[in-house]
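Both complexes shown next keep chain A, but they swap its partner, so chain B is in the first and chain C is in the second.
Right, the complex of A and B next:
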């Protein structure tokens, strides 16, 4: 009859490696920032900056999002993942291709290693996309969160195809326009299409869940979905078909309104929350949402240019990417790691014993004090690095990079504390 | 939804479409509770091609009949031997079954509300409750969503679950010794 499957949760062996690789990649990306030092103040298309960007967006952000998605899919789609074996193989190919890709940017191997690395990356992302789409096909649920996730995945596909084409164009030169023109499309498909849509989709489930807020206006999220996608399609048409910025202001406006609707939804969740005192995980989530306002403002500067000198515009472009990747996305992942990973490990270790024995709770798996230090370092680093880019200050770049590295180290200590947690049980009194 | 003797479940989606809504969720809800001997009849003004493809992917065969301006589409589960032999699961989501189960316990009902609790407190609370629950009592839980991570654990401990979805943010669960 209407019997339903009970065990939709993925195996921990699928999820855990993604968090470990993600955390280590965050550390590596901040370490490379320290090494790149004042080159961060130069043009944004420098090999070193592109290497850091790709470790951050793929190795750190996308890797953790994949792990979190494998865990969340049973909740959003109400069905088990299509193939866990595919997910496991996918992890390794993805991890190796990110390392090779970033290395080839770092050492400027644009004509040699980059070609193989980008093909390998394309294959690994196609595997991921297939796995999620096949899972969605089995699902009987149709909700706005699922729609965000699926649409984001199509934007990821466009991003990686464009990226691969750009990589091959270095050797075979078939584009009509400058590389930077395609880089702009590649970056926006990735940052807005993949990350922003996916994050809105996931956080419209997670944020009310952790704030404990009920009966939110889902309409705002629905309108955000249409506006952001419309703006993105507008951007693609504008840049691909006309190769111009004819519709740029209009596209900026509707994407911004979409983002503001999402922020307004999150604000409702924040105001109505039953959980009054927030932990570090949720505080960093709030910071992340506030940081989302920065790139909207910087985009105006980049659109109008205001006769500003070229070097300043280069740094403003780096700042634009920095506030999205190391601001909005990183802060959200830092915060949500403390909310999701301890639960995943806790579930694995203690589900058999809950109710029968006295077990720790997920929050006991990491140090809240370390998490606070990690957050303070992080906030200081973001402020200092943003000022460094705006004011062209080499000393601030150095100081800011070291503080961000410190934040990444403390984060990794907590991450490994969670991952390596040993079962602790006591008898019920 | 109408249920006639000859195992035909009829769902007329024209009023839903006229009301400006997408009937997808209603149709999926009907598919979910459809048993293997039943056929679902969807009445619409056009042939629902995307729906036919979607359900084909889920193992349903379809049949389309046109009567004047009205299109009747029939869906039936295609049965393989593996499906027929599959053992009955301990988890059902069905409003009718829910009412039946609840009334069979009479006044032996213990109610808890876990909607205000932070994850994983709902799961911990429920598992603690069933440890002290006697076999003739049913645990009635007010929950936000179907607790995906709790279900396998309840199965492991030999409990059955019947769920009733009230809306997207409210689900009621009955948990009792299998």
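Right, the complex of A and C next:
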């Protein structure tokens, strides 16, 4: 009767495990930060920091994004997912490879386990890409959001291929340059190419939807797409082909303008929003977008160096990654979890009962009070840890890590409250 | 026996119990109902929209509309047409709805 996109929605069994693994990974990454303690103030290419980074970007952020994409792709592409079985198998291979990969970084098994883990990760990613591209092939809908998603996935592929090459280079030594040179390319393909582009693509649909704003200038998003991609290709050429930093300032500039266009689009949505008082989910989303300004500024410091001592530059590099991964990306996922997961679970539990029985609302599936505490802990942790890195303060690192851990624990309590929700029905009237 | 007009009005009242789960406001005050047409027999045609065409909750809302009417009128055929022309805007929210949303 109605051609509604929810008809294409995947089974909950595809989506739910991604959120659970993601939430637990966030907890593990913050626990490891507590354990790594003052090593966080040392050079950023330390095995412990790399382990924490990979649990955070893959186990936490990418895992939840994959789950969200399985739900969102049918809406954006207007067609059902190519294969749910592939997605389910994909989840397990991806989860195991992330665990092995992070473990091998943590115990410095660069020459042994890391090789197998990285190959396995590459395979799981190829499965994911196949699933998304085959779905896209069936779709007749070609919109800017779809273009963002597809492009971001290609950047993810490049990131993982580079990561695998770096892993193999530890054993076989075929690179001409230092590892750190390739690490820089690997990190930017991942953070800007994969996360930033994907998040802009998804947010351009979700942010106006949750703010309930209309008639936004989609042109800003289109220009952001071209500028960020152009800047990234420039960075890759500059670093890969010329192994130089000749165009770095120019690339920084156009990527930054792209980001600012996206922020301006989000600001328009915020200003026009229907609901003036925001819930915790949207407040954390706003914090995330504000945090996106931090790495733009820190990048200037890293580009010009200003004759700053090496140890400070190392910590500034860690701060750069920290503000992107634990700032921008984490805050967004924390907030958007409350805006998406309760609805996904609610639809599964209550769709067939609506109108016949009295059902709870999606918001009743989690505790808004806990969500608020989770947000306050999170804000405190981000401020304290950033100060700790800037001022080289071991005590602040310890305090900040524990508070971030507290935030992750409270988040997980809410997450499990949602996924373990038992159907509650009452008779009407 | 209720007249057609009374039934039409009653259906509006029924739809005031159907909530948009995201906005947490009923769909009538939210302005999602464009038209209700009861033919005097057993057919109800409802033209309604969603706050966004991509709304993942869309068919839950549509189901809710049909089921809610069937409680009072079990033998009615409820036809829901989703329309996105004109596109919904915040201007369609009723004064009562604006108060409830704190606008």
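Simple rule for what comes next: the second predicted complex is superposed on the first by the 423 of 429 C-alpha atoms of A that agree within 3 Å, B and C clash if a C-alpha of one lies under 4 Å from a C-alpha of the other, contacts with A are read in each partner's own complex, and residues count from 1 in each chain.
Definition applied: contacts are C-beta pairs under 8 Å (C-beta built on N, C-alpha and C of every residue); 3 or more make two chains touch, one makes a residue touch a chain.
What you are looking at is a predicted structure, and each value in this text was computed from that prediction instead of being measured.
In the three-chain model built by superposing on chain A, chain B clashes with chain C. In the superposed pair of complexes, A:276 makes contact with chain C only, with no contact to chain B. Judged by the touch definition given at the top, the superposed model places A:351 against both chain B and chain C. Of the two partner chains placed around the shared chain by superposition, chain B is the only one that A:8 touches, whereas chain C remains out of contact. Shared-chain residue A:143: touches chain B; no touch with chain C.
When the two structures are aligned on the shared chain, A:214 is found in touch with chain B and with chain C. After the shared chain A is superposed, the part of chain B among 3-11, 21-29, 75-83 or 111-119 that runs into chain C is 111-119, by C-alpha clashes.
When both complexes are aligned on chain A by C-alpha atoms, chain A residues 1-2, 4-7, 9, 75, 209-210, 212, 214-215, 274-275, 343, 346-347, 351-352, 354-356, 361-362 touch chain B in the first and chain C in the second. Those residues of chain C whose C-beta lies close enough to touch chain A in the complex are 18-19, 21-24, 51-52, 54-68, 70-71, 79-80, 82, 87-90, 93, 101-103.
Residues of chain B touching chain A in their complex: 24-25, 28, 31-36, 54, 57-58, 86, 88-94, 97, 115-120, 123-124, 127-131, 144-146, 148-149, 151-156, 168-169. Chain contact summary for the complex, chain A toward chain B: residues 1-9, 74-75, 78, 137-138, 140-143, 209-210, 212, 214-215, 218, 274-275, 343, 346-347, 351-352, 354-356, 361-362. Residues 1-2, 4-7, 9, 71, 75-76, 205, 208-210, 212, 214-215, 274-277, 343, 346-347, 350-352, 354-356, 361-363, 428 of chain A touch chain C in their complex.
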